[in-house]
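My questions will all concern the structure given below.
Per-chain numbering from 1; labels A, B and C assigned in written order.
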Amino acid sequence: MLSDPTGSWTPVALSVDLPPGTVVPARTPAGPIALWRSASGRPSASADRCPHRGMRLSHGFVRGETLSCIYHGWSYGAAGNCLRIPAHPGLSPPETIRVATHPVEEAGGVIWVGVGEPATQPPQLAGLVPLRSLQAQAGMAALEAAAGAKADENGLLETTQNSQEIRLLLAFQERDETLIHVLLDGDSSLLERIAVSRAVEALRRKAEAIEAEGSSR
Amino acid sequence: MKLYNYILSPSCYKVRLMAALIGVRLELRPVDFHPGGEHRGPELMALNPAGSIPILEDGDLVLTESSAILVYLAAKAAPEWLGSGKAEEAARVQQWLSFSGRLTASLGGARLHEMLLRPGDIGAFQAQGIAALRELEAGLFEQGLRGQRFLAADRPTVADIACFPYVALAPDGGVSLDPYPAIRLWSRAIRALDGFIEMPGIHRLHELKPEPHIEPGEA
Amino acid sequence: MTQDAMIDEWYPVGLVSQLDSFGRKTALMGEPIDVASDADGNARVTANGRTLPVCVRYGHVWSSLGQPQKELFAIPEADQPGRRFVDVGVVRVRCSPLRAVENFLDIAHFPFVHTDILGSEPHTEVQNYKVEIREDADEVWATQVKFYQPQAARSASGGITTEYMYRVPAPTCSVLYKTCPPRPGEWDVITLFVQPLAEDLCDVWPWMALFDDESSMTDLIHFQQTIFLQDRSILENQIPRLLPLDPGMEIPTRADLTSVAYRRWLKRHGYTYGAQLVAQ
């Protein structure tokens, strides 16, 4: 998470995990979001709650350039305005029906969601490409303890695990939960990629053991 | 072929889904699993002393394990669903067919406990379910690196059908699917297959149908 | 006000057909209770040694933590000859008991949640219908509710426009009257009886009284279980879990008038177990 006085950016997902025409759940410091990509490829982030009856919008579906709620099919545009209420086909939904939205930036294969109005752009991950995302039932401190290294102000952490050099981009989820994006050099081989992925799983096991021990004390 | 079927059983759904995907017609014999407990009654126990469903009858043949039933349907009607037969692929199919039993024991146990009030250690069910989901997530991620979208190949096999239902229904047992991007893409690929059918708790992909244009008063 | 006006209401706590002397350990509004048959085979409900009021009706055992002021609501169709009575069985849902009832009163979700059974696109429009709180009976009623349904009942063989009437006779119970394909002029009765275990957890006991001589009992059970289990994944993903009674938290339209009346009726009676009163 990169913070400045006006807001912050959170790396919520990898571009490959959000193909056109899909919606996924994600989390920011401001709460849960429905992250979706329209058929034409545009990513958007809205609050993960349909204002009609409170259903999670991340359970919904994307048709064309709109996100629809699975419960009653209410559809929303990228700006969060309600475009369609299927129970009333003749009705143009009033402007007041809308979901809160967040700014989205996509760079280097990572999707960042802004909370507030960050004045800066999300950090560049020069030379690195994302491999995969995984969630740990462990807080930042436990992950740093397991890695024997500290994350920088952008959430970047470098360490060696099973004699494998790994670089992680960490995003805070809850006090005891962290989203890990695994990064590596763009020219890594298939075997290197698999080795890094497995090394990060080992690191996660270690961090979760530390977290569990800490919370049982 | 006659399937002793319960509409809410993920294992019975595996058989119905497989049959739908490969165009096999099944005669369905509904079993009052809940609330009636018919699977433990004399008629079905005589057929399957394990007291479980699904049961598939085809002439003299009686099959009671869902993975075996999937293999039987595929071998009869669509052998490409068994995999190519290459050593590694054949082994991967078996690997995930065996693994599917762990999904039944963990996520299936959690679901029966949380939904139909069956006894059991819910904490253990859920913890083992999460462990299994993480293995599946890692397996699918590595398959993706090899350019393969499904568990054993770049096309679906019986292994995918064996694993899909209990995974997709994990939330019924209080196990979230939110943290698994590779599982999400795989589940989507299965739901987008031609001939896919749903079961209660697994919604269809409404986006596969274009948005209808409706004039008021037409409904 | 967690132990509110709802304490004196009757709630379903088990199936009569499954009563036994071992008992069923369950809960009512946060209190552990035990539902068993006594030496004479009669239903007996106890909470921590205290014997609770009992009533046996509509296939279920009913009980209350308080002192019910009235008898359990009447469903005259339950005594009508020729109907088949279907115990659909219990399903647990992690949601407010009031959310479970409100969803049952809703038709606009049919095309998206019960696709190709109770509704389908493009037939999504909800025509105007009538809603009232009947002061004499103190019940919420919605009438002249019409909706196009691809497979309205187990016995239906094609799409028809079905007519519905909804009735809320108790805060966690609803009775639906629905066009009966094999018997024009009669209504099928489908109920949702909800046992509040906690404010955000409930056991749901659907029960039906149908005219259908064709379908097997198991088919009838499976049809209704299919429908309810499609709803369950919605109910467990609504935020908040409690039903918001304050306007502003959720946005109703004309299609939601039954829900609006139900919420108003709950609020008026102080039926707030499972409700969220102040927007958070």
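Here, a contact is a pair of C-beta atoms (placed from the backbone, for glycine too) under 8 Å apart; a residue touches a chain by one contact, two chains touch by 3 or more.
Just so we're clear, the structure is a prediction, and the values are computed from it rather than from any experiment.
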Quiz item: In terms of C-beta pairs in contact, which of B-C and A-C ranks higher?
Solution: B-C
Quiz item: Which chain would you call central, comparing Cα centres to the global Cα centre?
Solution: B
Quiz item: Once you find the CA centre of chain A and the CA centre of chain B, what distance in Å lies between them?
Solution: 29
Self-check item: Separation of mean Cα positions, chain C and chain B [Å, integer]
Solution: 30
Quiz item: If you average the CA atoms of chain A and of chain C, how many Å lie between those two points?
Solution: 38
Quiz item: Touching two or more other chains, which residues of chain B qualify?
Solution: 203, 206, 214, 216-219
Exercise. Two or more other chains in contact with one residue: find those residues in chain C.
Key: 112-113, 121, 124-125, 233
Practice problem: List, in ascending order, every residue of chain A touching at least 2 other chains. | Solution: 59, 70, 73, 86, 88-89, 91
Quiz item: For the complex, which residues does chain C have touching chain B?
Solution: 15, 17-18, 87-92, 94, 112-113, 115, 121-125, 127, 148, 203, 216-219, 221-222, 225-230, 232-233, 236
Quiz prompt | chain A residues within the chain B interface of the complex | solution = 13-14, 17, 19, 21-22, 24-25, 58-59, 61-64, 66, 68, 70, 73, 75, 84, 86, 88-91, 132-135, 190, 193-194, 197-198, 201
Quiz prompt | Residues of chain A touching chain C in the complex | solution = 48-49, 51-56, 59, 70-73, 85-89, 91, 97
Quiz prompt | Complex contacts: residues of chain C adjacent to chain A | solution = 108-109, 111-113, 121, 124-126, 233-234, 237-240, 244, 249-255
Quiz item: Any idea which chain B residues touch chain A in the complex?
Solution: 134, 137-138, 141-142, 145-146, 178-179, 181-182, 184-185, 188, 203, 205-207, 210-211, 214-219
